[in-house]
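Labels for the chains are A, B, C, D, E, F and G, by order of writing; each one numbers its residues from 1.
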Amino acid sequence: MSKSEKKMMRATIPEEEYMFPGTVDCQGCGAAYAMRLALKALGPQTMVVIPACCWSIIAGPFPTSALKMPIYHTAFETAAAVASGLKAGLNIRERDATVLAWAGDGGTFDIGVQALSAAAERDEDIIYVCYDNEAYMNTGIQRSSATPWGAWTTTTPRKHPKDRPKKNMMEIMAAHKIPYVASATVGHPEDFVRKLKKAKEIRGTRFFHVLATCPTGWRSPPELMLELPRLAVETRVFPLYEIENGVYSINRKPKQNIPVAEYLKVQGRFRHLTDQQIQYIQDHVDETWELLLKKEKLGRLF
Amino acid sequence: MSTVKVITGNHAASFGARDSRAEVIAAYPITPQTQIVELLSEFCADGTLKAKFIKVESEHSAMAACIGASAAGARAYTATSAHGLALMHEMLHWAANGRHPVVMANVNRAMGPPWSIWTDQNDSLAQRDTGWLQFYCESNQEVYDTTMIAFKVCEQVLLPGMLVLDAFILSHTYEPVEMPDQELIDEFLPPFDPPYKMDLKDPHAFGALTTPEWYMELRYLIQEAHEKALVKVREVEKEFGETFGRHYGPLELYRCDDAEEVILIAGSTASTTKDAVDIMRKEGRKIGLARIKLFRPFPNKEIRDIASRVNKMIVIDRNISFGNQGIFFNEIKASLYQTKHTPPVYGFVAGLGGRDMKIDDITGIVKQAETCNIEEILWWGVKL
Amino acid sequence: MIQALSGNTAVAYAMKQVNPDVVAVYPITPQTVAMERFADYVADGDVDTELIMADSEHSAMSCCIGASLAGGRVMTSTASAGLALMWEVLYVAASNRCPIVMNVMNRALSAPINIHCDHSDAMGARDSSWIQIHAENVQEAYDNIIQAVRIAEHENVRLPVMTNMDGFTLSHATERLETLDDQQVQKFIGKFKAIYPLLDVDNPVTYGPLDLYDYYFEHKRQQVEAMELAYDVVKRIGQEYGKVTGRSFDMLHPFEMDDAEIAVLALGSTSGTARVAVRAMRQKGVKVGLVKLRVFRPFPKDGLKEMLKGMKAVAVMDRSDSYGAFGGPVFSEVRSALLGEDVEVVNYIYGLGGRDIRQDQVEQVITDMSTVAKTGKVKSYVNYLGVR
Amino acid sequence: MSEVKFRGAHDLPPCSISVTHELTKTGNWRNAKPVFHKERCIQCGICWKVCPNACIKLGEYPEWDMDYCKGCAVCAEECPKDAIEMEDERVMI
Amino acid sequence: MFVEVRWHGRGGQGVVTASELLAGAALAEGKYLQAFPEFGPERMGAPIKAFTRISDGPIEIHSHVYTPDVVVVLDPSLLENPAITEGLSDEGKLIANFSGTPDEVRKITKFMGRIYTVDATRIAMETIGRPIANTCCVGALVKVTGLVALEQAENQIRQMLESKIGKKGTDANIEALRRAYNEVRS
Amino acid sequence: MKEKGWKECLWGGLIVDAGNSVLYKTGDWRSQKPIRDEKKCTDCLQCWIMCPDAAIKVKDGKVVGIDYDYCKGCGICSKVCPFDAIEMKEEGEQ
Amino acid sequence: MVSLKKLSEKEELLAPGHRLCAGCGASIIVRQVLLAAEDPVVIANATGCLEVATTIYPYTAWRVPWIHSAFENAAATIAGVETMYQVKKRKGEITRDIKFLAFGGDGGTYDIGIQALSGALERGHDILYICYNNGAYMNTGIQRSSATPKGASTTTSPAGKVIPGKRRFPKDLTAIVAAHNIPYCGQTSPSFYNDLIGKVQKALSAEGPTFLNIISPCPRGWRHETDQSIAMAEEAVTCCFWPLYEVENGEWRLTGYSKQIAEGKKEKTSVIDWMRKQGRFRHLFTDARKPFLDSIQEEVEREWENLKKRCGY
């Protein structure tokens, strides 16, 4: 293998690092990895707004900071609003930077949905990334509206697991008619980086829904950080797709029909599920997938 | 050349923000504040104010956006009232504790339920622990002037400031307001340039998680900044007076030189009180008025000074702290504690939810204070 | 029954025994464990409660208001920024006279973010017309919740009650405590009596109308009356609770105050540490006493005046600051209550953001107070204890 | 954590901003450490790519920064040639 | 009696559980107690502390423990940390999860009081199958201090763990406790 | 209504007399008045369902008149009437 | 088809004497909704015109239990009430069926209340949330909301020399709510009372959270004569600015007049004609603003096409 070939193989994602090691995330944390990738994709001209979430800890307690860019730590429900203000403040002083709002699922699906919805309506020029670990992991694994049906959390105990489906944030954001909405996972780094690079060139509100493994909350081995999201995509639990100006395109259509059970059984949070319950999840997944295929066919929808 | 316009208190606030060259405005409508943002959005639409107006979806986000803008190094302004202020509560702490000199006009309105849109001071006074500077204005002119004073002081001490005007009585009442030359104002109020901002060349993390190891020191610095702010307010108001010819102070004294009794009050009711004082003076009463303009930082020294010269103090609160007393009353009493000469202090609660305060009410209060017990909450104007 | 429970689990346990109809919460450190444990009780069918996992604290309190006015027993729990976010609706709950009981695990406010204890969250809500009770230890945290239900629902009061306990210091500390039987609790709190419930569709009522200046003042005056009446109710229920459990409660709990010349005033868990310090200083011959301020709203100003009259010096311990004011909130209110007395009152602001308060620090405070008592001179009225 | 040279309140910046990038040496969290088998390595760089904490430096061959590696084993899991093995450190001590 | 115990370990090793275990056992013996962690934002693997106070009478103090009577170290890699012996007087006791002898520990820690070691990780691997040393360390502590009876500690483990990890796991933990009780070296 | 003192008020402004807004007559807001021509009216009730103020009086499925105590004179009834049976006239004009 | 005769036998649950403006769409909507409900209802109301004007102490226009808590939390408040009802029903303390409604204006629904709404939908409470959408903050004096149509002049999106009124297209709340996968939601207009009442009844009989977005003309804010309210709300439908449709268990369906347009049975009118009749769009009718006006027409057209696609046309 020639040297240039080696280089090519390695450079599937940008080489520059903007995140320091030594962050206090758990072993095999998908959220930390997602940030590492995101900053590589967006480059040094980036400012980050972080509401209360695991990342407000991962970024380092006072007086330390894990990123090579400015960070603004803000309240749980305000990521999109602070990002809007920051962008406006920069604009008025004719300074430029990519403003990245970086929030967890609690801060996006629940308590932050209002600020996000409004920013999207105003079409603020920000990139909003929701790293979704499917519960309030920072406070200790409580149910959020991103928690999937049937999952265990500390507020939905095994005897009474979550009985509501996961909120479909992708659809909700698509219905806001913003220029770019995309799903991604930490199991597909190249895909995530590609989408971010594309999003960087677009003006307006851009939304990312990133599935980020949480070994602590999912009760899964840390080394499966990339494997689990890949399984989620292969089993169609979490389809990889983007919606550009209202047009759907699915990035990965698994050829094989892998049952969701394959994805569920690796995670302790689904350990209690009966076959019947798994079938229910399977049906729901199939239905959503079919619907998505249909939407892709219809062309522009928003 | 300065110009004089006859405008409402709300518009005085808008003009104040315009002439202070606010750069980012994020606001949400609420009665009776709406005219402030309406006029500001007109200024932005017709280009007389070079600012970015973010039309947010709630007051909570309004303050959040102001914080973001301030962190970016821009001069941020907003306006709100009552429940809007209440919804911001969490972010008020954030703005002060994050040391962002946002300036906000708050139109004093009563808190619900039952729902009221008329004036009382509970909304702003209940925010007394948030670390915001609070200025209570008496006239539209003062609203206009105080906007730039507030920006100047706040930006020097890195704390946010709230200027407070009464709903309807000021907010919707037309008064002449003199507006100086922009050049003069620019000289008085230079552009905002914070020591730390969100900067790609000098990256920092703002407001990161702070363990007990450091948290208390940062809090201590805020209290210190308030002490500094008290000095700054005196300085800046003096400078303002010298430049523009209008003098205010943390505690405005009216006919207090030889007064034996003094009324303490904040807000526009002070004007009515001045008339009442004139009338009572004519009747031979040696009475004066001390208007509290600055509530945070609290002008301890000024309050103690006036207390040492009179035999009786009457505090009129347009607010009440449930389970205790009127808030001004409480703070003034605390301030006077153990002074050498402490006159009796009477605390009246009056005018809640916009119940009108007329000259008769003031003279009535003064009269009632002759006979009543100082230990109780004294009610004025409530129907029995 | 004697048990070892942490503050959080004791709260969940008390809530289980109260068996409220509706609980609406949102997770926030350090309160989450209580909710997790309570969710277990719900899942196991130990309670009849509907648990609403709301989308924010603002919504959680709004759900509580709706549920309470619908005509049932409602409880919740929060901390810090959560309390701040629901701040607006705290007023709505109080003015609509919803007898909600809310447990607050006191935690510092941002920015910067801090998850540890101080009282700035609760103090910030001191004007909202909520009754505020502070717990010294896990036992009291448990006891307070059960009494709070009675206080809140008392026909003379009908106000929401906030039972405070120190985040982590109590919430995450396991302590020995004595709990009542479920039946005893039920007997003590009695059945919930709905007044003008929304669910009574045959007698429709309107809650929260617009109020012009012709009535607003009267409504507020009326609310003040409830607070005034609450003084008596809090005391009586504290005594009644004592008859059942042997642990009586009052607004103020003096310790060694009979012959004291100087005093320390504290609330929350610090009063325990302070009591140890007082005992130690007593052994050294210092005539010092402790006043534990258990109920902050309504503020027991008359009782305080009675208790502190004639003291030579009093140290007021504040675990929060009112920036720009002269001293912390408790200090300011105590001084205001004492106006006219000649007692040296000195403020110690301590423990912000969870900075630990040690016995020796309180002893130092007492030593300082003795010096003040002796010399009559105060170096500084507002002091920051343990700040670097 | 590295020592920051603040003694007290007056050394601090006026607002709560972070002034250092030095973070916790998380290497001591490890239960198991990655052991590298150079002979199996094809220098594909996947281990570098997938490390959630950017602990792997990419020279000719990967190098682990053991001050920070938490031992999550993602690199070992993802390595296509099984050139990385996890070795339990805990019992060794 | 008024005894203060400080526990050192890492997030995820069950430090807090150990402190609560001891507290629960003390309660069963009619004692007063307090058990609490020094809670930080740290995640799995980060060094943490926990505290237990046991007394015959009510415990009123609510500060951290600064002058412990007993220090227990659950993770041998922490022994070099000077925080281990902070405030521990020479009358105090240090119990370490360590495969070597107390003298080796003395060399590392420079502590001059009484030192006990127990090879808790090995015992845990052999009984529980995972390197979770907390129950072992409680066993060693019970032996060394006699604060509570061994049976009480066993009961407590059963009470706290059985509903969470099932009977088999609980039995293994009790076995670990007993072995550590017997194998602790001084 | 007589103004009540604070002791007589229910808390928080609670109102228990449902629908007592009928005591507040909004008829005097009117500058234009709807006049109904009974002959043209077919009782189709379009005016009734579209009235913002419930001011069209209906009995047994038939329109029996307009409640001028509350009618604010918006004119919607006149506009939606398919049979031109309602005419708006200036107040005072007969 | 709804029989008005039958309906007219029911009690009026919104009493006259309320102080909404003459010609207000909100009270027409509320009357129709309350007439549609067959079981007793309990209502939560967000701050807004409807709340302020119907309950001015000591008067109330409501003959049903009604609560107003704050601006942003009508959905959360009614969720609390509904939950208490479920408890009482389970315990046997209440036996009859009660339905739970929330009313919010567009400001209280699209903007400040969207979070509480989204949360309540996700948790699955058995409630019907109705947004009476007049396209701005009318209560505080016509400020822009995210429901304000493109091109409309409001006091905070004033039409000036440079800016032609609001520049953003309104948020598509019905689609956003539909994305929450609730059993039933839809869009309707009081001018088509058959459609409105039918949808309310469908929503109330569905189990779980339901939502209706109802266009509510505001003579003051839209700047038209008071007698034009019904005509304006009708034309909004016929020009396809406000199509009538419903989403039932994920299936999108056009209804009533809009369905007939899609099927070619009815004529589609011009958006520009509809706008011409309202003062809030007056500034757009100049030569210079023609392209902007055309862009609005285009966008409405495209939205309509997209909707048709979703509905299978």
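A few remarks follow.
Criterion: contacts are C-beta pairs under 8 Å (C-beta built on N, C-alpha and C of every residue); 3 or more make two chains touch, one makes a residue touch a chain.
Worth saying up front: this structure is predicted, and the values here are computed from it rather than measured.
Path length between chain B and chain F in the touching-chain graph (shortest route): 1.
The chain pair C-G and the chain pair C-F differ in C-beta contact count, and the higher one is C-G. With centres taken as mean CA coordinates, the chain nearest to the overall protein centre is C. Averaging C-alpha coordinates per chain places the centre of chain D 55 Å away from that of chain G. The mean-CA centres of chain A and chain B are about 43 angstrom from one another, to the nearest whole unit. Chain E and chain G have centres, each the mean of its CA atoms, that are 63 Å apart. As a whole-number value, the distance joining the C-alpha centres of chain B and chain D reads 52 Å. Among the residues of chain E, those in touch with two or more other chains are 41, 44-46. Touching two or more other chains at once are residues 6, 8-9, 16-19, 24, 26, 29, 70 of chain D.
For chain A, the set of residues that touch two or more other chains comprises 24-25, 27, 56-57, 60-66, 68, 71, 73-75, 77, 110-111, 113-114, 117-118, 121-122, 145.
Listed in rising order, the residues of chain D touching chain A in the complex are 1, 4, 6, 16-26, 29, 42-45, 48-55, 58, 65, 67-74, 76-78, 86.
Interface residues of chain G, counted against chain C in their complex, comprise 40-42, 44, 51-52, 55-60, 62-70, 72-73, 75-88, 90-91, 94, 96, 98, 115-116, 118-120, 122-123.
Residue ranges on chain E touching chain C, taken from their complex, read 19-20, 23-24, 26-27, 30-37, 39, 41, 59-64, 66.
Of all the residues in chain B, the ones that touch chain C in their complex are 60, 83, 86-87, 89-90, 93-94, 96-98, 110-118, 122, 125-131, 133-134, 206-212, 214-220, 222-223, 226, 229-230, 296-298, 300, 319-325, 327, 329-331, 333-338, 342, 345, 351-356, 377, 379, 381-383.
Against chain D, in their complex, chain A makes its touches with residues 1, 6, 9-13, 15, 17, 19-25, 27-30, 32-33, 36, 60, 62-66, 68, 71, 189, 215, 221-227.
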